[in-house]
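Each of the two complexes below includes chain A, the first together with chain B, the second together with chain C.
Up next is the complex of A and B:
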């Protein structure tokens, strides 16, 4: 396929850019995400996750089942910061953000 | 907000789970991000057979009307136009209506968040006029908008053929069906024979979709060379995969079964995930057909009712046994087999003893 084909449409990342990340040592979806912004746009990798996994599998000559998924985080839907902060009287918003701070990050 | 059971997703699985739990006296909140309940059933005008025995062969939309009517007549508190945004450290689920975000504390949760369609990339796939089969079905059956006049279909599974039938009824001309494998994927001969004279291109892929600002032209790579077509609409039917995000934020573990849609949450025979408060139902538990989707909702609800002591262990046993037996009859054998493999894995991990009815279903043993 033409290397200029877009894979992540939100961030306009093409096959060539993803393969470049792989050449630079990327192993997982999250590696590619950090190097290229793939999957960091408004859909949060809902569309490109599996096409990118296929590219990773091809490049590293792996079975698709050996290529993991991205780390998925709160909020699950695009939401205004103001909306996230309102009316949270029976708890606090910090706990929503606590997830990424406390559990850190695991590579899959 | 507090409740016995919070269900995320008001598709067929979520609604059936809600109705089952409500009928047994549990307090249920059902959250859905759409304005109306029904999920993907709202635009499924095709006929469904293989439904549980209390339901006749019917159109998806008719079944949906029936489910929503039952829901309206029940005590289930339905929060439409509300989305799950995440979970709190205390395990509660955060829900928003777009203006405010609040926490719902439930004794148990059922995530019935369904599946998403798999896209397919090719040069030009980001042009307007390229969409999935599910999107095309929403346009014609729900929004009453024609997605295009001349269509190229990518994929030849059952869903592709159902949508081709519906597009044709709306007057869309099907220019070609492009399949990258060496044969058509749908095994339903009746679907095929309904389609009449359509150009099927196997071992073929889209080389390029082009046009000024929208799809106008499609080049297809076939074994006999490049085929050029004028089309304003490309419809991709590349299968489904379970939606995983809600399970990840609820700290559920995942497993991989290709035939069930790839990565999906691990669960046991009660449709309980590795987070013991969190159950699942419907396509989130593996891609399957409508009958099994309804049954998984029911099994999850019976399990929750048992755990919360709304019903006796004996009644739960009988209800779940009945559902599992029906599930085995209705579900495609390969799909059911993979489902039991997931459950077998959970047994190994939890040192669970499988219920006798379950081992009976498996011919006396349960094997991955």
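Up next is the complex of A and C:
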């Protein structure tokens, strides 16, 4: 395959860019992801995960089964913000302004 | 790398703070420097942040002032290490009740004393700046100084620039123990023993364990933050908003949660739902946006909330840099640690930020 072959279609990342991250010491899918944005787009690595694992396996001379997958996170497929919010009760989420005022009140 | 070599400085932790210190030290070309990390750059806290460069609501004003100086260094830093996508968007911190307006005015007055310009905006003035913010807000504080940066580019370019200046790196290499023999620190690691004259602990939330290796208590706690990311949306937010920002690629990042759950980096449905509610409370139109991902990072929060920067008093030759707002403060902290290590004194008085302030005798005397 040509080095310019696109592996991550969402973020348009090619083989050369992934190999470059490996040359810089990246070992896992997520190491490569944070350097190149591979897998950060709308499909969340559903398309590029296995091609990238193969490139990692080749580069490190490992078996494919010894190369881990990316970290999966909620939601596994896109979901409307409004749908996510419907069940929400009390909050652990703070307000930047409220917090500033609270700390300022301590008169340090 | 020759393992029997004694480095001048070893920095443990290659997040935004450690890599900035490595880069700024290397600019002076005086030291042989090793940057060491148990993982890979960006695998920890610095790779899981909204990366605001945030100043205006940092209180008390002396802490705001420190943040201001650091934000002011960003344009200069970018000319040296390359494009880190720093954008001084201006920052808006909305409030939702009229009663908070008095407090906002007081904040503006206090911060003006150190040169941080804050405008207290009415509801209509906020909506003029950001038409998609909720009409339910009562107003906001606004400052031109706030902004954001791409944390991936920032850490990558700190390290690349440091390497150009001959900093050596050793990643995926956990430090197991630290001994001091005479003036020399011996770091036992997964990849052998490394020796150094000076040691900088920049392990973020993991600094606590590193401190224990020196029998020093680093008074910090671990706080998880969870953040949501939307699909790319038309550019519609111009400013960095306390809790929300839109990246150049159209994705909106939302989150301001705080939980003390140790090093557990999972995202959890309850916080994800609360964050979604916050998103809609702030920006009602986000109700129809798709969420594509959540992520979580472990922040380091010193017990009194303020950065710990400087010498470790009990251990000569050892230094600490642990703070919550590492992205905002990294250009300044890298500069100050460089001054401290090379010149022995800093251009900004760091006594307020010393580890010593936590000593019991000092706490009693306050």
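By definition in this document, the second predicted complex is superposed on the first by the 86 of 108 C-alpha atoms of A that agree within 3 Å, B and C clash if a C-alpha of one lies under 4 Å from a C-alpha of the other, contacts with A are read in each partner's own complex, and residues count from 1 in each chain.
Convention: a residue touches a chain if its C-beta (ideal position, glycine included) is under 8 Å from a C-beta of that chain, and two chains touch if they have at least 3 such contacts.
For clarity, every value in this text was computed on a predicted model and none was experimentally measured.
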{"item": "Partner chain in contact with A:84 - chain B first, chain C second, else both or neither", "value": "both"}
{"item": "Chain B versus chain C as contact partner of A:7, first or second or both or neither", "value": "first"}
{"item": "Partner chain(s) touched by A:60 [first = chain B, second = chain C, both, neither]", "value": "neither"}
{"item": "First, second, both or neither for A:46, with chain B first and chain C second", "value": "first"}
{"item": "Touched partner set for A:74, first chain B, second chain C, both or neither", "value": "both"}
{"item": "On chain A, positions contacted by chain B and by chain C", "value": "44, 73-75, 79, 84-88, 90-91, 93, 95-96, 98-99"}
{"item": "Chain A-touching residues of chain C, taken from the complex the two chains share", "value": "40-43, 47, 54, 57-60, 93-96, 100, 103-104, 106-107, 110, 140-141, 152, 156, 169, 171-172, 228, 230-232, 242-243, 255-259, 267, 269-280, 286-295, 305"}
{"item": "Contact footprint of chain C on chain A as seen in their complex", "value": "25-28, 30-31, 34-35, 37, 42, 44, 73-75, 78-82, 84-101, 103-104, 108"}
{"item": "Footprint of chain B on chain A - complex, ascending", "value": "1-2, 4-7, 9, 44, 46-47, 50-51, 64-65, 68-69, 71-77, 79, 83-88, 90-91, 93, 95-96, 98-99, 102"}
{"item": "List of chain B residues in touch with chain A within their complex", "value": "33, 83-90, 92, 94, 96, 98-103, 116, 118-123, 125-126, 208, 241, 244-246, 248-249, 254, 256, 258, 262-263"}
